[in-house]
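One chain, chain A, appears in both complexes that follow, with chain B as partner in the first and chain C in the second.
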Partner chain A sequence: MRLGTTISRTFVAMMALVAVAAIDAPARAQAPTTAPNPTADSVNEDLLFKQDPKIHGRISIPDQKAANLIQPQGREWRLFHEGWMPWIGAAAILGMIAALALFFFTRGRIKLEHSEESGRKILRFNGFERFTHWMTASCFVILALSGLNYIFGKRLLMPIIGPEAFATLAQWAKYSHVYLAWPFMLGIVFMFAVWLRDNIPNRIDWQWIKAGGGFIGKAHPHAERFNAGQKVVFWMVTGFGTAMGITGLMMLFPFYATDINGMQVMQGIHSLIGVVFIAAILAHIYIGSLGMEGAYDAMGSGKVDLAWARSHHDLWVEKEQAKTASGPQLRPHQAPAE
Partner chain B sequence: MARMKFLCDADRCIECNACVTACKNEHEVPWGINRRRVVTLNDGKPGERSVSMACMHCTDAPCASVCPVNCFYTTADAVVLHSKDLCIGCGYCFYACPFGAPQYPRVGNFGSRGKMDKCTYCTGGPEPDLSTIEYEKYGSNRLAEGKLPLCAEMCSTKALLAGDGEMIAQIYRERVIKRGYGSGAWGWKTAYRETVAI
Partner chain C sequence: MKAFVVAVICAVALGIAASYVLATSQRFAWQAFSTTSTRVSQPGTNLVGPRWTGDVKGPHDEVAGDPQSGKRS
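This part shows the complex of A and B:
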């Protein structure tokens, strides 16, 4: 019984083996007849590009960045930088200049309105605030010009002064761009720390915006230390300044935080924000100097005419005067309290 | 005039890196810069291929287009060269290049990358041919001596071909027809907007 079972099991196993061999046989017999095809699994440029936008491999030199064989994304960046950016930049900056000129010739200079308070001064920005403003501003002007040089220099300046002189200038522009970025970023941090308190949006800003900021018509809407327009400038400068700083650092320290595609994107953001920033600051410069009588003193001497302050920042003046009833904010020759 | 190109036959390249070494030695390329490199794709897997890559001297070169000081120029042989006197080391060419060719002596050191360096197709630079100053800035000028780039000249398997585009494409085409396979002219579509039709 036992033996019979063993025999029958062995027979079944043998039959199974024969069957497997029979199935396997044609496959084995076919293999040697086909010549080895070395390209059967070979990598192919088109297929690799379908899997990934860049072709990456292994490299035996220490520079691992060189392991990217082909990364064609630079073509899109080129199209953006050479095809679009000069037009975007020109439109933003020339557009703003045209708008400001139009405003100047229609509305004219916003005049100082005289009152019985004219001639008296109130301290608007202290020494540190003015230092912060001018450090950031002077850096900004050079950063803006040297930045625009990357886009427009070869198109506008190089044909006039020749390649050698232009290359020397561009070299110095590049150094100033890279080194002045640091005091600029420091200035942005200072500005944020010093002026954040007075730039939190509130209800008064909404009223100011609804009244058109007093640009249209003669009425002066109420405003605290900074009106809604100035708050927009504050948030624009700190926001754009931070964005410029971050994108700029990504390019200053290549491969620390991002690869080549990241740097292309960073450069794109940097240049786009850059031209918008420049255009916006042109408006800021206009209203702080030519556009409004009495406004420049705020950042010049730091002291503004009380009549000007009363009409443009009435709530701030009230607060300051309440804070210092004896009037250390005001010149001693003001009417003494009796 | 010829239209000089490189073509790497990946089915022949054995990743010996002799082209890399030859280039470094011929031009005394500084430490940290590799004008030519060999990249191995699908390393260790079936179908592994190695491709030797350097500046492809593109048609309508992106580096030249984005350069803010226009320091690039194309020679009569269609070799893309640049002037290290004009280069300001901004890094734009290095953002634009599809082949990672432009490199800088001090890439991690902010603001002072130094002058860009890349493959010159053994054609030197804007200085007088075969002058010492040209050698110091750009390396040797083999084309002026009537020779082709050393990387391709000394390639042991003749995987790397340099010369007139039509001619090297023909050599590659004949190889592919004879042996029955070929993984294509790597980078040609990106660099020249064309490929070698078999």
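This part shows the complex of A and C:
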């Protein structure tokens, strides 16, 4: 009897030991090792960035900016202009081209509507206005192409023409971008001075917008010298042109007014506005040439067909004709008095 | 057409004028950052030599056609 009791107690004790060992084993497996970590207290990148947004030291050369060893925001900037920017630029420009193509194939070219006034001409833009437009426009085309070369050149052009030709082209594109920016900025100032008075928004513009600007349906809403769409283009060009000028000057004279973070922000703003600007001007070029019959004459010869002017800018025609009984309108082949 | 031609001529002329004005106020980096204690040579003569072709075959190869390729200024 005593032997049986002893055996049973021994068995229970063994089972208890096995159970304790089974519970304890995982806990032991997860316990940290007691081996010392020799680099646990050493300075690392994360610790340095908690003290200062940059890692920098001391240097003896005059350019103190070279003392910056690591600037984390530079990585975000690189990710933006190497990763996001090409996609944003492609979406803006190709999206606009696709939208214009869709509009052209569905709406077609807006035709010139003939009337008894057809064939008579009215002076729409004088010589200085056309000079201002074309100086700004020709510079814009070069600035746009050379600017796009910064984003897409090495990706699209260099594989086709080779690195040597691309290097030469890119260098001349850079020169043209930097130097033609000055007549472009001058043109923006001239445009603002010459056309500001006729581009102040008013109630007629709201009526023009509500009527769809004549693009929807066949009726032509009333408009003065510039309709609401043209006023949007004016304010877009002067606003974006000013912003591009300021950010461009910041990059042309680096570190005069801002530090490296500011330089990166300026580059980001310049490139983002640039691609939107190009996309918007594509629409302007379309409607001023292929999209609307008779529109190009305004900036080509300066004189437009009176019937066209009456359709699209009726209030302006009335005002011009009220100035004088003979008016500035001309018979065909008659030279304008500019 | 006359306004366009005059505008393009003026744009080019203003661009050339801007290049001359900028040239008086800007210096190359190798000029701007040279001091009495640090001399930075003109690109093309420092580090790789004026006739460097870019065809480096190995770490100990001499730069093609330039016996002074190993010198650094």
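Before moving on, here are some points about what is shown:
Convention: the second predicted complex is superposed on the first by the 270 of 338 C-alpha atoms of A that agree within 3 Å, B and C clash if a C-alpha of one lies under 4 Å from a C-alpha of the other, contacts with A are read in each partner's own complex, and residues count from 1 in each chain.
Assume a contact is a pair of C-beta atoms (placed from the backbone, for glycine too) under 8 Å apart; a residue touches a chain by one contact, two chains touch by 3 or more.
None of the values given here were measured: they were computed from a predicted structure.
In the superposed model, A:176 makes contact with chain C only, not with chain B. Once the two complexes are laid over each other on the shared chain, residue contacts for A:131 go to chain C alone; chain B is not touched. In the superposed pair of complexes, A:302 makes contact with chain C only, with no contact to chain B. In the overlay built on the shared chain, the residue A:194 is in contact with neither chain B nor chain C. Put simply, more of the residues of chain A are touched by B, taking chain B and chain C as the two choices. By the touch criterion defined above, A:60 reaches both chain B and chain C. In the superposition on chain A, A:283 contacts neither chain B nor chain C.
By the touch criterion defined above, A:254 reaches chain B but does not reach chain C.
Within chain A, the residues touching chain B in one complex and chain C in the other are 60-61, 63, 175, 178-179, 252.
Those residues of chain A that touch chain C in the complex are listed here as 60-63, 127, 130-135, 137-139, 175-176, 178-184, 186, 252, 300-302. Interface of chain C with chain A (complex): residues 1-4, 6-8, 10-11, 14-19, 22, 32-33, 35, 37-38. Considering their complex, residues 10-11, 15, 17, 20, 32, 34, 37-43, 45-51, 53, 62, 65-71, 85-92, 94-100, 107-108, 110-111, 181-184, 186-187, 189-190 of chain B touch chain A.
Chain A makes touch with chain B in their complex at residues 37-46, 48, 55, 57-61, 63, 65-75, 77-78, 81-82, 149-151, 153-154, 158, 163-164, 166-167, 170-171, 174-175, 178-179, 251-256, 260, 263-264, 267.
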